[in-house]
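A single structure is presented below for examination.
Chains: A, B, C and D, in written order; residue numbering restarts at 1 for each.
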Amino acid sequence: MTDGTIDDDPAALVTAGSRVLAAAGQDDMVWGHLAVRDPGGRGVWMKSAGWGLEEITPDRVLLVSWTGELLAGSGRVHLEHHIHTGIMRARPDVQVSLHTHASTVNAFSALGEPLRALSHDAAVFAEHGLPRFTATDNLVRTPELGRALAADLGAARACLMPGHGLAAVGRDLAHAVMYGILLERACRTQLTARAAGELRHWTGHQECLEKDAVAWPDSQIDAGWQYWRRRAGLLRAR
Amino acid sequence: MTDGTIDDDPAALVTAGSRVLAAAGQDDMVWGHLAVRDPGGRGVWMKSAGWGLEEITPDRVLLVSWTGELLAGSGRVHLEHHIHTGIMRARPDVQVSLHTHASTVNAFSALGEPLRALSHDAAVFAEHGLPRFTATDNLVRTPELGRALAADLGAARACLMPGHGLAAVGRDLAHAVMYGILLERACRTQLTARAAGELRHWTGHQECLEKDAVAWPDSQIDAGWQYWRRRAGLLRAR
Amino acid sequence: MTDGTIDDDPAALVTAGSRVLAAAGQDDMVWGHLAVRDPGGRGVWMKSAGWGLEEITPDRVLLVSWTGELLAGSGRVHLEHHIHTGIMRARPDVQVSLHTHASTVNAFSALGEPLRALSHDAAVFAEHGLPRFTATDNLVRTPELGRALAADLGAARACLMPGHGLAAVGRDLAHAVMYGILLERACRTQLTARAAGELRHWTGHQECLEKDAVAWPDSQIDAGWQYWRRRAGLLRAR
Amino acid sequence: MTDGTIDDDPAALVTAGSRVLAAAGQDDMVWGHLAVRDPGGRGVWMKSAGWGLEEITPDRVLLVSWTGELLAGSGRVHLEHHIHTGIMRARPDVQVSLHTHASTVNAFSALGEPLRALSHDAAVFAEHGLPRFTATDNLVRTPELGRALAADLGAARACLMPGHGLAAVGRDLAHAVMYGILLERACRTQLTARAAGELRHWTGHQECLEKDAVAWPDSQIDAGWQYWRRRAGLLRAR
C-alpha cells in the first residue's frame, strides 16, 4: 500500500486520513477514527482517544493489537477499536477503515429509505449496496459487535450505522476516505431533495454501475483524494 | 468544582463557558448567558449585559446576589438572572446553568414533537426527559417565573423554552455546556431528518439509557468539553 | 438622529448600516441598499451603484434628491432610489430605510403564510404587521411604484416584497437595521420549522405585544446594533 | 470578446471564471470546468484535469482541439471536453461555456419540477427556458453525447444535467458565469421554499421577461461579474 506523496508510515497515513475527514466536515468533537492495517500484521494503527480528527499528528497515532492492547505509541485506545479489527479480520482486501458520526448520515439513516443516485457520488455504492448495521445503536464495544458489523458490511464499501454514524473501507487510504466522503455527500443531497418533495428522477442501478466504471476509476478516486490532501493543508503542514 | 486546566475562579469559568457556547454556534447577538454558583454562597457569577458570548472576558463577569443585586464587578445585570437564581435555588446539585436562543431549538420547539435519538447526542436526555417551560414565552423577568422554570425543569438536564430558547444545567461547567451543545445538535439532526420525511428508526428508551452510560460517562463529557475549549482558542488566548 | 459612537455624518451612517447588513448575511452581489434622510431636507444619502454592501466606504455614498438627481458624491445612482424617497415622503418618522434581497425572505414570501413568532425575533412585527408589496415583482423603478410601496408598508416596520426582497425602516439606523435583521432571522426559523412539519406552538399576538415591550425596548435595539457594529469590524476599520 | 479589466488572454479568462465559480460554492473537488472559445478558431481553452476550480492558474489552462487533442499547455485534458466542443460547434454565439456539479442543482433536478421565479435570479431563464439533458446521467464522454447536450440545450442560457450537474453558456465570460451562479441560487431558493410548503406566489412568465430586461441588462450582468471577481480576490492575486 503506497500513497504517492506520503510515505508508507502508518502513522502518517492515519494523520492524513483523519485531517481530511475533518476538512470534509465529518468531525464530531473527539469521536470518529480511521485505522490503517499494520504492514507487519500486528494489528491496526489508529488515532489516540481524546483528540479531534483535525488535531491528529503522527505522535497521536497508536498501534493497537488485534485484541485491543496498546503495542506502540502513547495515549488511550478508543473503545471502538473493535470496528476496525472486526472489519479487517473479515476483509483481507481492506487496508484502511474509518468510522465517523456525520450528522447528515444519521438523519438519512432515520428515514429508512434506499440511497438514490442524484449525482455522481452515490454511484460508488451501486455494486455492493449500502447495508445497515443492526446489532446495536450503542458503541461497538466488544469483539462480537465488531464481528457483527463486519458481517453486516459484507463486501460493501461502506455501511450505515443507524443512530450512530457510518463505516467505510478501502484497499488504500484514498479509497476508504473517498468512500466516506462520497457517502456523506450523497446522503446530504438526497436529504435536500427529499425535503423539497418526492424524487422523480434518479440514476438507475445499471447506469450507476456504468458510471462507477467511467467516473470513479482508481485514477479519479486518487485525484479526489489528492485534492482533499491539498485542501486540508497537509502537504504544507509537513 | 474544579475544572482541570482552568482554575476555580468563577469569572474564568463563566468566560470559558460563554466562549465555547459561541464557538458551538449558540450566540445570539448579546443575548444568552451562563452562570456559575458562587462558591461562597452569595449568588451567581454571570456575564454582564451588552456583550456577545464570544466577547466575554473575566472583567465582563459579575457576581449577582440571589435577589439580583450587583455584588462584584462592573456592568449591567441581565434581567433574566432569575433563570439562574431560580434553578440553583431549586437544584442544589447544579453548579452551572445556561440559557441560549439557539434558533434550531426554537424551530424544534414549535413542532411539539418528542425528541428522538437519531445519534448519540439525544441519549443524554433519556433518563430525565426534556421538559417544556410553559409559564411564558416572554422573558424570565420575575422571581416567580424563575421558580416556574425550575419547576418545569425538575430533575432534567435541560429544558425547551418554546418561543424563546433553551436552558441546560450541570454539576460542573463541562456537563452544563455539553448538555447545551448536545441538545442543539440533537434538535438539528431531527429537523434535518424530519424535513426529508417520517422517522422510521430511532434509538429506543432502554438503549438510550444504556448508551448514556457507555457513551457519556463523565470522562467522555470531559473529553468533549476539553475539545471545545481548545477549539474556542481559550487556552491560547490566555 | 445621533448614533452614539459614530457621528451624524450621513455617509458614515450609510457605511455602517451597509456593512452590518452584509455581516448579517443579507448581501446579494452589488444589490440592496440603505438610505439615510438628509438632515438638510434635500433628499436621501445612499450607497452608489456597483458595489456590494460590504464594500461601502463614505466616499461611495451619494446624496440623491427627491427626484433622483445626484446632488453630492460621485458614482451612479441606484435605479431603485424610489424605494427610499417614496417611503420617506410618506413616513416623516422614518430616518433610515433599507432594501435587501435576502433569499430566505424570498423563499418565505413564496409560501404566502403568516409570520409566526417562534422566537423573540418576530415579536417586533406584531404591532404593525408584516405587509406584502403587491404592485410589482419587478424593480421599484418609478415614483409611482415608490408611492405604492410606501402605501403597502403603511405604518409597519418592514414589509415583504415577494419575488424580490424586503424593505425595513426605522427612526434611526439602529432600529432600521435591527428590523431588517430580525425579519430575516424570523423567516429563517419559520422555514426551518415548517420544513420539518406543522407548527403546533407559536407566541400569540397579545404575548408578542408584551414581548416587544419587554424584550425590544430602545435600549435592547441599540445593544443589538452596537454588537453588530463591533462584529462587522467597523470600529476597528475606522 | 473583451472583459474590461482582464485582457483577452484565454488562459486568464479561464482562470478568472474558474475561481469565481469556486468562490460561489460550485466547486466539487477536481471536477467541473469552464471553457473559452479560442479566438483563432482552433478549439477551446479549458482547465487541466486534476485541479480544483479554485486552484486554477493560467499555467493550468490548456488549448484543446475540436477533436480533443492537446494543442497548447501541459496537463491532462478533461474527458468531458465534449461538453464544450459540442456546445460551441452548435452555438456560434457562445464564447464561454461551463459545467459544474452544484449539489443543490442536482437535488432540484431530482424533483422534476419547473423552476419558479421566487427572486430576481430565475428571471434570466424565462425567455429560453431551462431544458433537461436526457441522453445520459453518465459522463459526456463522446462527440455524440456532446452533440446531444447541445441539442437539448438549444437556444437556452443553461440546462440541467440530472444526476450530474449543470451547463451554462454566454456570449462572454460575465454572462456565462453569472448564468451559472444565478441558476444555482434560483434552485437553492426554490428548494428552501418547497421544503417548507407549497408555493403560492412566484413571478409569472410575462413579468419575468420584463424583469430580465430591467434587472438583467448587460450592464447589470457585468456589475455582478465584476463583484465576484473582486470577491474572489483575483485582482489582488495578479
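Definition applied: a contact is a pair of C-beta atoms (placed from the backbone, for glycine too) under 8 Å apart; a residue touches a chain by one contact, two chains touch by 3 or more.
What you see is a predicted model, and the numbers here were worked out from it, not measured in a lab.
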| item | value |
| --- | --- |
| Farthest chain relative to subunit C (centres taken as mean CA coordinates) | A |
| Residue-number overlap at the subunit C/subunit D interface, same or different (half cut) | different |
| Approximate Å spacing (C-alpha centroids) for the pair subunit C, subunit D | 33 |
| CA centroid of subunit B to CA centroid of subunit D, Å | 46 |
| Centroid distance [mean C-alpha coordinates] between subunit C and subunit A, Å | 46 |
| Where subunit B touches two or more other chains, by residue | 190, 195 |
| Subunit A residues touching subunit B - in the complex, by the definition given at the top | 29-31, 49-52, 55, 101, 103-104, 106-113, 136-139, 141, 162-165, 190-191, 194-195 |
| Subunit C partner contacts - residues on subunit D that touch it in the complex | 116-120, 185, 188-190, 192-193, 195-203, 207, 210-211, 214-215, 223-224, 226-228, 230-231 |
